[in-house]
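For clarity, chains are labelled A, B, C and D in written order, and residue numbers in each chain start from 1.
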Amino acid sequence: MKGYTVPLSPRGTANLAPTPPWHYAGTVVGVEFFAEPSAAAAALPEGLTPDPDSAGRGVAMFVDWQYSATDLEYLDPARSQYREFLVTLDARYNDTPVAWCPYIYVDNDSAMARGWVQGFPKKLGTVHQTRAYSVGGPGTPVLGPGGQFGATASAAGQRIAEARITLQQPVPDPAVLMNRPVVNLRHFPRLAAGLHDKPAVHELVMSVLDNTAISDAWVGTADLAFLPARGEELADLSIQRVGRGFHFDLAYTVTDLKTLADQSS
Amino acid sequence: MKGYTVPLSPRGTANLAPTPPWHYAGTVVGVEFFAEPSAAAAALPEGLTPDPDSAGRGVAMFVDWQYSATDLEYLDPARSQYREFLVTLDARYNDTPVAWCPYIYVDNDSAMARGWVQGFPKKLGTVHQTRAYSVGGPGTPVLGPGGQFGATASAAGQRIAEARITLQQPVPDPAVLMNRPVVNLRHFPRLAAGLHDKPAVHELVMSVLDNTAISDAWVGTADLAFLPARGEELADLSIQRVGRGFHFDLAYTVTDLKTLADQSS
Amino acid sequence: MKGYTVPLSPRGTANLAPTPPWHYAGTVVGVEFFAEPSAAAAALPEGLTPDPDSAGRGVAMFVDWQYSATDLEYLDPARSQYREFLVTLDARYNDTPVAWCPYIYVDNDSAMARGWVQGFPKKLGTVHQTRAYSVGGPGTPVLGPGGQFGATASAAGQRIAEARITLQQPVPDPAVLMNRPVVNLRHFPRLAAGLHDKPAVHELVMSVLDNTAISDAWVGTADLAFLPARGEELADLSIQRVGRGFHFDLAYTVTDLKTLADQSS
Amino acid sequence: MKGYTVPLSPRGTANLAPTPPWHYAGTVVGVEFFAEPSAAAAALPEGLTPDPDSAGRGVAMFVDWQYSATDLEYLDPARSQYREFLVTLDARYNDTPVAWCPYIYVDNDSAMARGWVQGFPKKLGTVHQTRAYSVGGPGTPVLGPGGQFGATASAAGQRIAEARITLQQPVPDPAVLMNRPVVNLRHFPRLAAGLHDKPAVHELVMSVLDNTAISDAWVGTADLAFLPARGEELADLSIQRVGRGFHFDLAYTVTDLKTLADQSS
């Protein structure tokens, strides 16, 4: 029985995700927001605390991703492309500034499986972002000053987030866009009677990204709304103020993570 | 942070699946098949052996499910209904006849999350079965002698299974339809470098179903094909012969499972 | 080149819908509502007037359909099953009480094509309704007194309608459920410059249903909401009051329609 | 009642497509192929003949499109983006070399409606193509020599086309990529009994594209397969030989068409 995630199988090609490395390239529409600080604090897991320097600050990102492992998986785009919407909240792990991801949605099962293994709490959703085409014309915004981009996310047929950005200028130092490591919670429950509250895996982890690259990074103005929806708590974050909007391409490779605290039972 | 599966959240309503009990009702189109015995044996996990009394025998089931926990979840059908295609293979756990599920597909994220917790290796797929309507007429088969039902399953835009059944007579003893407990493999990998082959959870388990009920059970003739597809190994089972076809409604509740062997690292 | 709808093709099997008859069987969750009368009147086409006996009255229906033509199409459920949400408004054609359908959504291209040919202004949507299973248990409502059913519809990732009904008693005379013929507007625009406002087809038609049958008809209490959404005008109907809820199975055959007024250019 | 396509409505914002102009920008993965000439000829409509200079030649195109009318529709990408797979066949209209589109698939209802109005025989499908990201790395091909791109199309859960291209060099004269006007058949049937074979609209038309622009055009080697599927006739074209592969961005505007022959009844 071969494979990394389920299903394990005789040839090991049926599994949702193979053994890392997992390589990514994507286009990001991002919006900085400021949630009601107590709502943001309530969404942090044990082990993280609000960042006193940026209480309530978070980032919403809509991403058109492409994934590949070691076998040119990007040549099968029906499986390797996906769209993602996620929110991160500024937090501290001890004294380290980190970003915590409370909610994340994708439209692809392999991405969902890889996410769970990383500790991203992925659900299914539908996500769209305006795309800039090099050919120009009235069917596309420019990737430059004045270019406007919309982005939306839905879950179970309910709109949960809407964003719009207008580009103004290049980002002078793109590294600032990814300057907080993401902290996740790997969590896998037990089903045996009496152990439903004793997860088999419950482990605070810090993501490790290799070969991170950013290109074509632009910053501008932004609008963002989180909309109430049955079975979702995103809108509870209660956006108080919206900051800047971003547009950039992003690439990195995942092969590792770092355990911060293991509370598995 | 409340909830059973990810995401854990302040109110505990964003999670993919709440703490059991999980109640199910569904309509099943099932087909008995006989795979190439060595191909079936190759798809068994460590701890199970082929059943010498039924080498290569399996069952393919297409199910229109409805799920509810303790809060009348079936009133939100956009989340609580789903369609499933699964295959089981006859096997032995020591001397006990069991059914092993190598491949299973659903069209719903909550079902996928619950399945992973149970040890079902669920991927996303699209599944359809002909439905019998009480009103009759040329738009529906009869749920009775001569009634014909088709069923199909696809993954990543590729057809992987097609079935057709023609009903002949009621099943005299419906309990025989569910007479083998399902054995699953709970499996959740590690991502830390060096530990990719040391899963955090790797546990052979036997499913526990409460209050199992079957109604309207019919048996008849059947056709079944497993079709080759990129990234799938279902067709490797190499069907040699197709047995009977079944149509029945099924209900049960899940709150527990039994660990057979824990090989978690 | 053979076929009825596009695409016409050498064998005539690629077309979205073959030549009628088109047979249907479905399960309906229906809710009677009373819109703001002027809003309902504004949604009527030329040739229809509000019904003075039931100003603003309408019916919202969520339907799980199965379709077949003359070749047992229901055996290919991936194509022949679909879900539909539609609204009808009481109106008069001259002195005849009719039902006008301003908005309708389906999840299937063949249904969309057939609908356009009938004059139903179909768009794509996702539609769900709670299902009653004969097997019983906590995963399903009963199809009888006290049984509760939810239903939802979404378009472009936005929830546009939500309903809930609780059954009370059988409908004594089910024919009343389908007592108004549906009037539609067949409309197919021209694209040639200067003729964008001169549709090639613009024809008020009355639907003709053969062999209409209703079974298992129940009536009870209901809730219904139409929700605002970008690119939709359903919520403009402004529900003032909700009437009864219905649950029934419905079958009929379509082979004809009757032209009331042809304003094609 | 306002609007261009159905549904017509009080505000005119619910319609599937507004009055042109319709602006497009897209990325194309294209493959030239040579079908069995008699199969290609059989797929031509009355009024077109095979092109004696290129018997059986056709082009398969997978396109990631973005659409806008006059209201920045591209800011609502959930509605304005779509993916398309189409095939064209070389043909002659009298002495004019043209391209005829027998089969085309999209994943969006507005695109389907616009297509029908143009005479494109659109059905629903799922379409994917590998994407090149400027940021580079192992998750993306380069848009340049050696860059490899895959593309797939499916209908009703069945894979119908698979392509792969490897880029070699820029296209010296990109205009050659769009040098044949597309001829379509606007076709809208009647449903009245006795008139099923007398379409209300049956009109051979030549598409008119304004402001056509091409950028980043690359040519290279290609593989292409059309796969048999229930309810589809694409594979009947019987590819004999595959030619070159292309990758380019394309933009144009649609506001008009030219009628070649009107056989409406």
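Here is the rule we go by: contacts are C-beta pairs under 8 Å (C-beta built on N, C-alpha and C of every residue); 3 or more make two chains touch, one makes a residue touch a chain.
Everything quoted here is computed from the prediction, not taken from an experiment.
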| item | value |
| --- | --- |
| Over-half contact-pair match to B-C, picked out of the listed pairs A-D, A-B or A-C | A-D |
| Comparison of C-D and B-D (more C-beta pairs in contact) | C-D |
| Distance from chain D to chain C - Cα centre to Cα centre, in angstrom | 31 |
| Interchain centroid distance [CA atoms averaged], chain B/chain D, Å | 39 |
| Two or more partner chains touched - positions in chain D | 76, 78, 126, 128, 152, 154, 157 |
| Partner chain C, residues of chain B touching it in the complex | 21, 23-27, 64, 66-68, 72, 74-78, 81, 126, 128-131, 133-141, 148-152, 154, 164, 211, 213-216, 249-253 |
| Interfacial residue positions of chain A with respect to chain C in the complex | 126, 128, 152-154, 157-159, 229 |
| Chain A-touching residues of chain B, taken from the complex the two chains share | 1, 4-11, 13-14, 16, 19-20, 39, 42-43, 45-46, 76, 78-79, 102-104, 108-109, 112, 116-118, 121-124, 156-157, 185-189, 191-193, 196-197, 200-201, 203, 205, 230-234, 236, 254-259, 264 |
